[in-house]
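Pasting the structures here.
Shared chain: chain A. Partners: chain B in the first complex, chain C in the second.
Coming up: the complex of A and B.
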């Protein structure tokens, strides 16, 4: 009897895998890719953002950030961002409790007003600090935010990559479609973003991958090229440390002032 | 600082403590600040009291934050100062923050000068009571003085409790003789009385519970101490205002609901001064349109209204409609404009603030304040001729 059940399971399993649709295949690769980047528990890093205009003029922004992994499969991570430059915003602190397909909870401490404000976060498609990076791009790898489709395979910089198309679920997303390349180590390498009108808006290149904790590949550089306004942004992570034992209490509104002046 | 012996003692205590800390540990600190020259033109010419139609001023702020004892403690100094061409009352140095905090797991202990803001509104901050307002800086009362205090905070999943003990009271600064805008008479600093026999040494006390429940940020607070707002009465002998500070007992509630691009805000107070009890409520709605006309710009619309059951309160029936335009560009250009209306009379005022980064170290500010028709009975009538344009350039360090 047991053997028959086993055979049945194998048969059904085989049948399912044969019938795996392009959507399921895309979803499964995206899920595996996302999961391969999890398990960091918590993380600190300094971030450098270089904004480049079409003439090649550059300005630099510096922030430092802490984040806390949320193991709840239906909810997002928590982050605290401390702004160091430009100097007129130095001392500004932002706390975000991210959610997958709804607005985040965000609080901002503004030193000029010496007050903490709960702010609206419906602008996930808006620019982060005048850059070509939108708030929603920081979680571009979260498979739960998109519907997926496997398109095929392509060689990119000598590596074989899966070509995946994805469509945002979040209603306020600034995008209608993305086409991305994910390599065999499940690392996202490049994503093309199409705007609400369906036109190519920007390409994000994930570069400078490093292996953390002997198990997690993280891109320590992200380059964004906007094809419409010809601006570019380079985002670099420095001094990144994982699993340093941050307390979940550090990520509540009540402890925001511990990081502020 | 010279008129404030209590603060001087605190400053000395902290400097000694800091020197001690820095000699035993490597000091991990951040320091930043700015210097800001300002220039104002009064567009109705000379003032009602013969003040000049032009003013120059120099404002500055410096902040020093240091983490001590392996990050379990923090020491902060944040000082502001101004040197004004015309107004004596705008030549000052104020330690907004001069404090030492120690963090236990759920408890934070704090001693020193601090700025504590309570409330949710943009314009009518009726719950906010801990810090004295510097009315010489801003007649709306948004600029504060550092309040000496000892406080303890206790945080749990269900919310946070704060207890404040404030052993030293700071009198409200008003514009001087040459200030613009200024009151009808000068406020006589030598004629100040208190209801409390302890006067400015009265131990003021405050308690607050605050929590976040999903989309709601909620605060309940109580304050007992010298009212920050004095009763001013003209003295026929000196032709100046005498001030009297009653004891205030005030309970406040503030709530903000954040629903997508909509913010709903409400503050209410029930307060008792002497045998009289009064009620106040203020609240409003803010809506933000994101990415207007397919640009990165956001446009926020703010409507707020304030009610107070005392007829002589300046904000007893007041409304504001405001616009906040943020370009979200590399220069962080933004414009905040508001039309303030007293619904009782016909008084109205228009204010606008524009700001734009010039480069990594410089920022430009343009402030405009226009008095429209102002009712003779309105307390702002005395500022009617003080419409102004101010240009400020901040240099950051």
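Coming up: the complex of A and C.
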């Protein structure tokens, strides 16, 4: 119901042509879209990542993750990632305190070393575990990371979608431009990414949307097609649970240290 | 009806329908020539090999796993001092950033964006090796220099050991069948911008992308620079030789109309405009020119002697039809021997010339007489001085025939003793040694880095995540240690270097941990960590497969000759066979491995082609002369020029490359032409019951002059080819020119003497 009201607001805004520039309109849609996915407090899920090379060979990686919503409008969420396969990395844990337009803080627990290492790097544009997904793609819908522009409307798979163009603010981003489709339920459906030389690099498809807690749409599948190297990655979320009352202390460096002791 | 009558009837028919002949010839020529638009832009070194060539397949397999091997490299060298100066690093930093804009680029690596790890206890910070260039102090710069010298993946890859030269390597992910023009144009534009901004620093463009692009740029430059000058030379030459504007015009038309449809056919066949093809029009031109000169000079002489224009050309056609056919045929057959090689560019050139030879013949006996009959032509053709000289020469030879034979035989025997010094080899590093921009960069890169080429080896474990096995990484190390001791290898980089570096950094940066850890799980976790911590375009995807079952070694090779490379490759394979188990590899692959093997195998093919062309031509000559005796005599003037030609080659070099063989195959069909003309006239003289000395005088009178003229045309054609920027064309042009001029001397001096001694008497 909340979504429908939002859409109405947008539609009325469009029809009445209230003095709103294309940039503001794009920004507003992106903001509403982002906000419609918020309010989960915390979340757990199992994730399956399938890497597919141009010949169709597949490699599968399994991970599970916990995240903690950060309500601070100027900062990002906290996540813990547990690596399960391949067997040699089983037990490796990564804690991230994400930030909006700065490098994230990351700690990694390596069981073979039985130590926690703090890693600082400008890796947001880097590949996640050799996949076609970059770290920065996981928060592709965060309106605070981009400058926006409303381009128009387009029908995608039978649904009317807003076409939004966005430009990354983070200076080490691997992209210069994105063109995305957001449907009337404010769900991102598809985003084209353009690389540093302005050429189409990849397309991310958000699929298998499920309604959680009767109010939050979440894509439980994300398919990435790289147009340049012809590789693809499929990311699937399973057993996703929201609002389960995780302990905030788990998301601090000290709790990761406990694993090392 | 005998053959001569048939030709006469044919000639009369042509002249009776001259307008129809001219129009239908022109229409046909325009139609066929329109294929020129389909001539494909050369796809660089890839177009130089056949798709199924084993060493090219190796490259393709490697690319399927690890991405395209092609690299565009900027070479940065300050005029004074090394690269650890603020403005040099600033240039590298800015150019590195700008390089991400390069069309088709997938990663950019330089000393500034090299991912450098700093360790402070359990805090690991990974960042660009050089940041905030503006704030660097003198002390910072010298610290950076020392740090850089210790980094394996910097030295010899993005910086020379002497620290004097820096490189920016841009990996290109080229779509299939796309030439390098876009990225190269981009790079040259950047070079201009940065050299303007930093006038004291040299910026050059190198790498396999530039190497590949050279094939295209050289072909284009040759075509636009050589052809106009050559055409001008031919116009002057024909006028000087024929002394008739209209006749020169006819010759020019026949020449152009032979060249255009052969290039058109090349287009219809889907050939590539590779540098060797540049030679085709020049060769076709010289053949057609020789035809035209033979036809026109006799027709003009006839007119001088009072014949009507039509009778003069009919008579000329009667005399020339068979020799022109034979010379076109032998030229085509000779050059077709190139098809025995395995370089498509040369086969395509050969087949284009063969088509051109056919057009040259057809037009010389159809269009040429028709035009001659139609256009107003006055003959003020004089050959008295030349004829006088030839008469003198003929009597001189008659007088001293034995001495001529003995002296030339002695020279031949001496030169023959030099030939065993020659050996077959090739040096792909020299292909573009006539391109100043390429040489300028090469002279900086080669002494500092060995070459700007890479070789690769895909080492497989055949199990997912197998590369995290310490046994595997130690084996890579062992292989690397063996490789760097080889003369052909400048440096090697493997994923085991990455692991050793990580192990060190994860242990407080202590040097004693610069080794492969024994724990497989630990190595796997290091890789995981590394993959997490590098930005866009810096990952290990071009070094390992997604399932981590195999990894790619990067080997920077020194320039080596074909023999050295084949030897190196054998040794590598031997080492692999004896030491690499249980891991697997197909061996080393890359441009520095492929090109030498291409030429080695090509050499063997060409030798077979040579055998084919030579025997075929000798057979044709013998058959056409209908005489075993003359067939055998004809072998001598056709073999001696090659012996002497290669004897002269020993003055310059002992290395016989594929280009020298190509030169033999091109010139064999041309050398034999003069012999055919001379012998057929001698036979005719004998059948006219002339005495031996009169028969020689007859030959000199009727073919001496045309032979000299044709040889001069061929000689100038090949001299022009030596102006090519493509080194191989330069060699072919030079070699052919030498052979043609020797053949002329032999035909004028040795052949008559031989005929006087061994020929039939009337």
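Basically, the second predicted complex is superposed on the first by the 238 of 261 C-alpha atoms of A that agree within 3 Å, B and C clash if a C-alpha of one lies under 4 Å from a C-alpha of the other, contacts with A are read in each partner's own complex, and residues count from 1 in each chain.
Just so it is clear, contacts are C-beta pairs under 8 Å (C-beta built on N, C-alpha and C of every residue); 3 or more make two chains touch, one makes a residue touch a chain.
Since the model is a prediction, treat every value here as computed from it, not as a measurement.
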item: Room on chain A for both chain B and chain C (clash or fit); value: clash
item: Partner chain(s) touched by A:216 [first = chain B, second = chain C, both, neither]; value: neither
item: Contacts of A:59 with chain B and chain C, given as first, second, both or neither; value: both
item: Touched partner set for A:255, first chain B, second chain C, both or neither; value: first
item: Touch count on chain A, higher of chain B and chain C; value: C
item: Partner chain in contact with A:200 - chain B first, chain C second, else both or neither; value: neither
item: First, second, both or neither for A:51, with chain B first and chain C second; value: both
item: First (chain B), second (chain C), both or neither touched by A:92; value: second
item: First, second, both or neither for A:125, with chain B first and chain C second; value: both
item: Which of chain B and chain C A:114 touches, first, second, both or neither; value: first
item: Colliding region between chain C and chain B, picked from 7-15, 115-123 or 241-249 after the shared-chain fit; value: 115-123
item: Set intersection of chain A contacts, chain C complex versus chain B complex; value: 51, 53, 59, 86, 88-89, 111, 113, 115-116, 118-120, 122-123, 125-127, 130, 172, 174
item: Interface residues, chain B side, partner chain A - complex; value: 30, 32, 34, 63, 65, 74, 76, 78, 96-97, 101, 103, 105-106, 108, 115, 117, 120, 144, 153, 155, 159-160, 210, 212, 215, 217, 256, 258, 260-263, 288, 290-291, 296, 298, 328-332, 357, 360-361, 363, 394, 396-397
item: Chain C-touching residues of chain A, taken from the complex the two chains share; value: 51, 53-55, 57, 59, 83, 86, 88-89, 92, 94, 106, 108, 110-113, 115-130, 134, 172-174, 195-199, 228-229, 231
item: Residues of chain C touching chain A in the complex; value: 64, 67, 100-103, 105-106, 115, 122-127, 173, 464-465, 468, 506, 519-526, 528-529, 531-541, 545-548
item: Chain A to chain B touching residues, read off their complex; value: 51, 53, 59-60, 85-91, 103, 105, 111, 113-116, 118-120, 122-123, 125-127, 130, 172, 174, 249, 252-255, 258, 261
